[in-house]
Amino acid sequence: MTENYYTLSQITEHVRKLISRTYTQEYWIKAEIAQLNYYPKSGHCYPDLVEKNETGVKAQIRGVIWKGSYERILEKFRNTTGRQLTEGMEILFKARLDYSSSYGFAFHISDIDPEFSLGKMAAEKLKSISRLKDEHVFFANKALNFPFFPKRIAIISVETSKGFHDFKNIVDNNTRGYRFFYMLFPALLQGDEAVDSIAFQLERIRKVIRHFDLVAIIRGGGGDVGLNCYNDYNLARLVATFPIPVISGIGHSTNETVVEMVAHKNAITPTDLAYFLQQKFDNIAVGLDRMKAILQSVPSDQIADSKNLLYKLGERIKNRQQLYIHHKNEQLFNAQIRLLKYSKRFIPHKKESLLSKSLKLSQLPTNRIARNQESLHFLSSHLKKSSKHFIKSIWQKTHHTEEKITLLDPVEILKKGFSITRVNGKIVKGIKEIKEGDLIENQFSDGKTESKILKISK
Amino acid sequence: MKYEEAFRELETIVNQIEDGEISLDELSEKIKRASHLLNFCKSKLISTQQDVEAILKDLED
Amino acid sequence: MKYEEAFRELETIVNQIEDGEISLDELSEKIKRASHLLNFCKSKLISTQQDVEAILKDLED
Amino acid sequence: MKYEEAFRELETIVNQIEDGEISLDELSEKIKRASHLLNFCKSKLISTQQDVEAILKDLED
Amino acid sequence: MKYEEAFRELETIVNQIEDGEISLDELSEKIKRASHLLNFCKSKLISTQQDVEAILKDLED
Amino acid sequence: MKYEEAFRELETIVNQIEDGEISLDELSEKIKRASHLLNFCKSKLISTQQDVEAILKDLED
Amino acid sequence: MKYEEAFRELETIVNQIEDGEISLDELSEKIKRASHLLNFCKSKLISTQQDVEAILKDLED
């Protein structure tokens, strides 16, 4: 049997001393609230704090917030974040580690940093937005055509809420007598439960959607607390993808929530939302009034214009026919003037050309005869000249021939001292034809002689 | 006949007279026609005016 | 005969006389014709004018 | 008839009238129609005729 | 005979004489003809002138 | 005989004499002929002149 | 005998003598002939000349 052992209290006491010596001050610690364990009766709160990883709980420890601290911490937290402390929420808290022999380890929480949670929430909100955008639904509701005549409204609100009351007050009692039809689909409008509640009513509205032109989410008088539900991804997605336009009038002063961002329109407050709808009616009414005014004035003007045109046309007919006839008259008059003018000119013109012929006729034959006389006279004188010339030339030829004959006559030659010698009656042309002793006869111009050749010399 | 047709025909006649496009032989016939069209248009205008006034009276109530 | 035909014939004759395109033999005949056409046109013009005025007078009432 | 259709038709007619696109022949007919549409649209603005029972019944299904 | 024919013949004769195309033997014959034609044309001109003046006088009144 | 023929023959004779184309034996005969032609032409000219003058005298009246 | 024949024969004789074709014995005979022809030509010439002059004298009158 082992004799050396400690009692439990000895150990726990030892641990308590060890812990209290080691962890003498407070630390800022980050953890998730697994369970809040708030006891309204005592006012104390014993949250289970955990750290999780992919596989599950990595570390767990109990927390203690005493009533006094809790009220202070919660007020500050709500004022800053607009939220309650809720399970699943990651928080940054200031605590001292405490060990109690009967309860074990616990963190005595003296403060919670709301700024840390705020940052966490902002990050979650950004995540929701980017996810909606990634899924291409962020602008889906905005892309719907806003109903031209937004008369039938499905309202998600609370019967007793001030916002709904304000809305009704404006819509039901407008001075112009517009009548809207609306139906309340009651839902929680803040806190974590609001997500499911609103989603449930949206599904109901979807069932009867043909009766409605749009959905209005109205909340009012609730302050800025519990609005984080409107940053919820699922709710925002439902709103964004809703088949008819959703208008929000949530009424708060903090940053726009994701639901408000994806809604077709964020009217901010229920009052604004009511006025917005009324404005739509106003626009229609103004349009109708304008059109009525046009109807009352333009057709009358058109008729008046037509009358005027008709009158002018009548006047034109009167004037134009006068001009027309006047023009025809002028044409006729011109034709008459021209007829007179050219008819009168016609015969004198003919007379003139006749006269020119007559003149020519009186001159031309006389000229002609004179020319003939001239050429006759010319021929006559030519005849005389040529005849005389003719005879003269024949005379010349005759004289010439006479001279030649005279020159050629032998008698004439003999007269110059020549004589012709003959032997036996034959003319001697050389001495070869004669010999010494021949008897020759010489003829002279005036007689003949006979003689004998005595000697021949060469 | 419609007012617009009548009016256009009337205009055509006036233009024809103005442009000297019609012969003298047609003139009196054309002017007779124009006169007829003018009267037709006038009465059409008056009846339309009455109709329109009656309808607009109802509208104001 | 139509006014326009008559007028055109008249003009043709006047032009022929002006241009000396007709023979002397035709001259008096042509001028007689022209004179006739002229008178025809005149009386046609006057009667048309009266017709038209009558129609337009009715219109003003 | 749907409200928007009525309003658009009215608008079309009024624009046509304003732009002088409507002939005189159609004018009274068009104005009659416009008057009817105008009254329809106006009355819709101030009337309440919604069958709540029908909606509730649909909701239960 | 027509004036124009006569005048043309006259013209032909005058041209022939002018161009020496006529022999002396024909000359007096041709001139006799020309003279005849000339007289014919003259009288024709005078009678036509009277006709024309009569017609034109009516027209001018 | 015609004037033109006579004149042409006369011309021919003159040219023949000038060119010595005839024999002396023909000469007096030719000249006789030429003389005859000349006289013929002269008298023809004179009678024609008288004729023409007579005709033209009538014309001028 | 004609002048031309006579003159041609005369010319022939002169040419023969000039060319020495005629013997001295024939010569005087030829010369005699030539002389005869010459005289014939001369007398012919004279008579012709007288005739011509007479005709031409008449012509001038």
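All chains are identified by letter, namely A, B, C, D, E, F and G, in their written order; residue positions are counted from 1 within each chain.
In this text, a residue touches a chain if its C-beta (ideal position, glycine included) is under 8 Å from a C-beta of that chain, and two chains touch if they have at least 3 such contacts.
Since we're looking at a predicted model, the values are computed, not measured.
Any chain that touches subunit F and also touches subunit G is listed here: A.
Because subunit E and subunit F share one sequence, their contact can be compared position by position; here under half of the interface residue numbers appear on both sides.
Ranking every chain by how far its Cα centroid lies from the centroid of subunit A, the top place goes to G.
Summarising the inter-chain layout, the chain whose CA centre lies farthest from the centre of subunit D is G. Among all pairs of chains, A-D has the largest number of C-beta pairs in contact. Here the CA centre of subunit A is 127 Å from the CA centre of subunit G. Separating the centre of subunit B from that of subunit E, both taken as means of CA atoms, is a distance of 66 Å. Centre-to-centre separation between subunit A and subunit E, using Cα means, comes to 83 Å.
Taking the mean of the C-alpha atoms as each chain's centre, subunit B and subunit C sit 33 Å apart. The set of subunit E residues touching two or more other chains comprises 3, 24, 27-28, 31, 35, 38, 45, 48, 52, 56, 59. For subunit A, the set of residues that touch two or more other chains comprises 292, 295, 299, 303, 306, 314, 317, 321, 325, 328, 336, 339, 343, 346-347, 350, 358, 361, 365, 369, 372, 380, 383, 387, 391, 394. Looking at which chains touch one another, you get A-B, A-C, A-D, A-E, A-F, A-G, B-C, B-D, C-E, E-F, F-G.
By the touch criterion given at the top, residues 3, 7, 10-11, 13-14, 17-18, 20, 24, 27, 31, 34-35, 38, 41-42, 45, 48-49, 52-53, 56, 59-60 of subunit F touch subunit A in their complex.
Remark: subunit A residues 336, 339-340, 343-344, 346-347, 350-351, 353-354, 357-358, 360-361, 364-365, 368-369, 372 touch subunit E in the complex.
Subunit A makes touch with subunit C in their complex at residues 314, 317-318, 321, 325, 328-329, 331-332, 335-336, 338-339, 342-343, 346-347, 349-350. Against subunit E, in their complex, subunit F makes its touches with residues 2-4, 44-45, 48, 51-52, 55-56, 58-59. Here subunit B touches subunit C in the complex through residues 23-25, 27-28, 31-32, 35, 38-39, going by the rule given at the top.
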